[in-house]
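Dropping a structure here in structure tokens format, bear with me for questions.
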Amino acid sequence: MPQLGESVTEGTIGRWLKRPGEPVAKYEPLLEVVTDKVDTEVPAPIAGTLLEILVPEGETVRVGTVIARVGEHDERAEREGHERAEREGHERAGAAAPAPATRADGSRNTYMSPVVARLVAEHGLDLAAIPGTGQGGRVTKQDVLRYIEARPAIEPAPETAHAVAEATPGLGATPGGTEASPPAPPPIPDDAEIVPLSPMRRAIAEHMARSVRTAPHVTTVMEVDLGRVLAHREASRAAFERQGVRLTLTPYFVQAAAVALGQVPVLNGSFTEEGIVLNRRIHIGVAVALDEGLLVPVVRDADEKNLLGLARAVNDLAARARSRRLRPDETQGGTFTITNHGVSGSLFATPIINQPQAAILGIGAIVKRPIVISQDGIDAIAIRPLAYLSLTFDHRIADGATADGFLAAVKQALEGYA
Amino acid sequence: MPEINLLEAIRQAIDEMMAQDERIFVFGEDVGRRGGVFRVTEGLIDKYGPMRIIDSPLAESVIVGACVGAAMNDTRPIAEIQFADFIAPAFNQIVQEAARIHYRSNGDWTVPMVIRAPWGGGIHGALYHSQSIEATFAHVPGLKVVAPATPYDAKGLLKSAIEDPNPVLFLEHKKTYRLIKGQVPEHDYRVPIGPADIKRPGEDLSVFAYGLMLHYCLEAAQALAAEGVSVEVVDLRTLRPLDVATIIGSVRRTSKALIVHEDNLTGGFGGEVAALIAEHAFEQLDAPVLRIGGPDVPAMPFAKPLEDAFMPSPQKIAAAMRRLAAY
Amino acid sequence: MAVSITDHAPGTADAGAELPATTLREMFRCMVLARALDERMWLLNRAGKAPFVISCQGHEAAQVGAAFALTRGKDVTLPYYRGLATVLVMGMTPEEVMLALFARATDPNSGGRQMPAHYSSRRLKIITQSSPVGTQIPHAAGVGLAEKIKGGDAVVWTSFGEGTTSQGDFHEGINLAAVHRLPVIFQCENNEYAISVPQHQQMAVRSVADRGPAYGIPGISVDGTDVLAVYEVTRRAVERARRGDGPTLIEARVVRLTAHSSDDNDRTYRSPRELQSTRRSDPIARFAAYLHEHDLLSEAEERELRAQVAAEVDAATEAAERAPLPEPESLLNHVYAQS
């Protein structure tokens, strides 16, 4: 696309005057271009054959974009390119990348790898406008990403489920703020102090805001009697100690959640435009509060571990989260999250979903409360250790009844613990 | 944390587990007074006696077969195959028996046993002391296959293997035994069977390896870093069950993948990893998936130039990384 | 030790005098039940209801005699595919046998995963078997090794055909048991054929028992159609094993009254005369004659016993046929044990 006027940055293809395969003389009108300033015919810069039209009529491209190729209709060049590629490859069986063809006429390799094709389509880009640094000038994924970053931000690119999943480090939910969109920044008072954002704080902020933006959050709450779980822990604590494992309540909650996820698999899933992704394996993230923020290490295959295995995993992950010795992969790949906000006294909360998961389970403080229990038709007041469990779920994936079914299964697993 | 070599890590794992659990015993050639030809079980016979550190007859099928029977009679055998190259006579007992018993009895019987086997080349071991056997056995459902590369992983994974209710083939690269040292905590810990481990995070391309090749890949990645290429090195650690999520996750980030093993390429484990990437990360790929492996010759020869030509080296790996980075 | 007592095996008279009449009648009932079940399975096969049958017919005395010398619920058995009578004595029910024949979901042997006659029951300490022959022999040695490590006094008993003695696992397993004096009894049921290959093409020795001394253990050859002789030989081997004196190799000489399996036709390699003569060595007829002769079982009692067994087989067949087949989804179950 030639620069038609000093301040002009882009032009729209009005009409192609030649079709591919037609000969074109030097300076013969080739196409009509519409810009902010002028509408004009553009002549061919060289004589030859119109080999290829790269930008169709009606499309607007930036100045400098390759819009067509004119040249000798010559297959020899392509063949030479292939032969050279073969010479370069196969130094050792299997260990050589087949080189895509480089054109002898100096034009660059327009092969799009799968990821480049996808990025170009998703962001509505013009491949020709992106400088290529790969073999034969091929546009690489890095080239596309650099190009997107450098491009003036007109509108945010649409996010895909994959992109969200990849970008989510192990940062999970925190109870509290659920504003739907970031408010305009308030003026900073002169006497205020500014605490710089740590990388972790920034990441938490970004993920919380994105999650609320992405998923319609709904919360449902049930009360659970933890008498049997507490009794079991009391009875098992010494045996676990002997195996070097401190037994907390968290493994019980992880176990109950794993059981309930088995019964309500949709809550172990993710929402995508193609459909709800049901994860076959159950990896449960457990939020660990740190002074500077929150980490969510993941207990992998939680449904395949017994209480001892879960306790060992939870303790190990929490200890290493606190000493900042988690490996990056240990905070990734969770399919569900549990946040035990009760440890700081909170009765119940509406945590934010850890994207791209379907739901998050909040555990409230365990409080002894008098309740009415019925046995053999007789009502009596008893003192029981109770806690509120909240389930915040993505309403796109599930409805209230499904969520309640899940929570009831968690409750049943805990109250019937044996 | 004390720094120890991989061999010591394995000995510690066996020792600490045997001290805790009387059901555990070691069965293999020369494991007793001699302490194993690599000295892995050195000193254990003095501590646990000849009824728990047992010198077996020189017969691999019964080494594994007897352990299969013993595992079904409430003990926890650790079989040692002196060199992975000698495992072939036990193939029937491993594949047809150990790996299939839980399935064929509809979950009634379990075979909790570990088969330790030193594998791999680069130690002038020639055809029959250098082989890689992982692809053959990773093909078998019902068997778990573990191939640690660091002392920390070796100790934690061996303890998990001993506790696992399934037969676990535990592959110890013999060149790493004394070459590779690392910090190992003094407290009792486990490394779970299954998850891979990103040993070096990176942005530009992903490399998958295990055993000795992991260290060669880390060395090559270090060289590439100086050239401005950021290589992610993933230690697969467990080949079955394979951590598909970590492999795919890494390739989705970097969009380029290289798999390195010393086993010959055709039908090698790299083919499985490459196929998974093609199936699950196709739209994220920015380059062909590459493999480096030994040539398709029957096994590794003795003469040094021939052995060197067989083994992938950090230089060969770095060259492939450069090709992939430049693609 | 290290003696072959091939020619000095105890006879019926030695044991018969010691065992109470009720036990002798129960032994006979087990043999008759095994035969009746086996015959029913062939009928079901020929009626198109059972794809595969492999027989125990002719081996009943060898198996029942040996199993009666073991302690149910304590001793461990690893019977090969002809071990129907063995597993019945060790506690498997006719219905459970039939569930395996029909590959039903509730088959305790394998839940319909294995071919019939691949016996297994953890509850009954019958260790699961595969089809490649002889692999159970190292297992038996290993079970014995574990027993010795644990300081237990259970005895391990395994069986196999004479063809299996050519396998390396036969050698490796017996050798290990002998080296460590493990409490294992190796019973070779020699019916002179490995499918179609006769014994003289399988080995150059006259008797499998001749091999015992080569391992430094007793090798005993016994008439496997004489239930009481097998009982007595096994009883002594069990005593020896429990004492910690080590393993015994027993060859029980039996007849194979059927083809190798429902997919075999033994008329292509056995003469009509030979087939006729094996019938004369039927172990059940032989034991019935003994019981009648010693007034331990009347003809009327035998008729009643056979009627009861027939009813039991009918009931087992019907119950197993009604049982559900495995769900296709269960294909993926139990690949790995969960901790």
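All chains are identified by letter, namely A, B and C, in their written order; residue positions are counted from 1 within each chain.
We take it that contacts are C-beta pairs under 8 Å (C-beta built on N, C-alpha and C of every residue); 3 or more make two chains touch, one makes a residue touch a chain.
On a predicted model such as this, the values are computed, not experimentally measured, just so you know.
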Per-chain CA centroid nearest to the all-protein CA mean:
B
Which chain pair has the highest count of C-beta pairs that touch?
B-C
Using mean C-alpha positions as chain centres, tell me how far chain A is from chain B in Å, no decimals.
32
Just how far, in Å, is the C-alpha centre of chain C from the one of chain A?
62
What's the distance between the Cα centroids of chain B and chain C, rounded to whole Å?
41
Expected list for chain A, residues touching two or more other chains, is none
Chain C: which residues touch two or more other chains?
338-339
Footprint of chain B on chain A - complex, ascending
92-99, 113-118, 134-135, 138, 140-142, 162, 166, 244, 281, 300-301, 312-313, 316, 327-329, 332-333
Give the list of chain B residues in touch with chain C in this complex.
23, 25, 27, 51-52, 54, 56-57, 59, 61-62, 64-75, 77, 89, 92-93, 96-97, 100-110, 112, 141-142, 144, 163-166, 241
Seen from chain C, its contact residues with chain B in the complex are 76, 78, 107-114, 118, 120-122, 127-128, 130, 132, 135, 137-150, 168-169, 172-173, 175-176, 179, 333-339
Chain A residues touching chain C - in the complex, by the definition given at the top
304-306, 309
Within the complex, chain A is touched by chain B residues 187-190, 192, 194-198, 201, 204, 245-246, 249, 252-253, 255, 265, 282-288, 290-293, 295-296, 316, 320, 323-324, 326-327
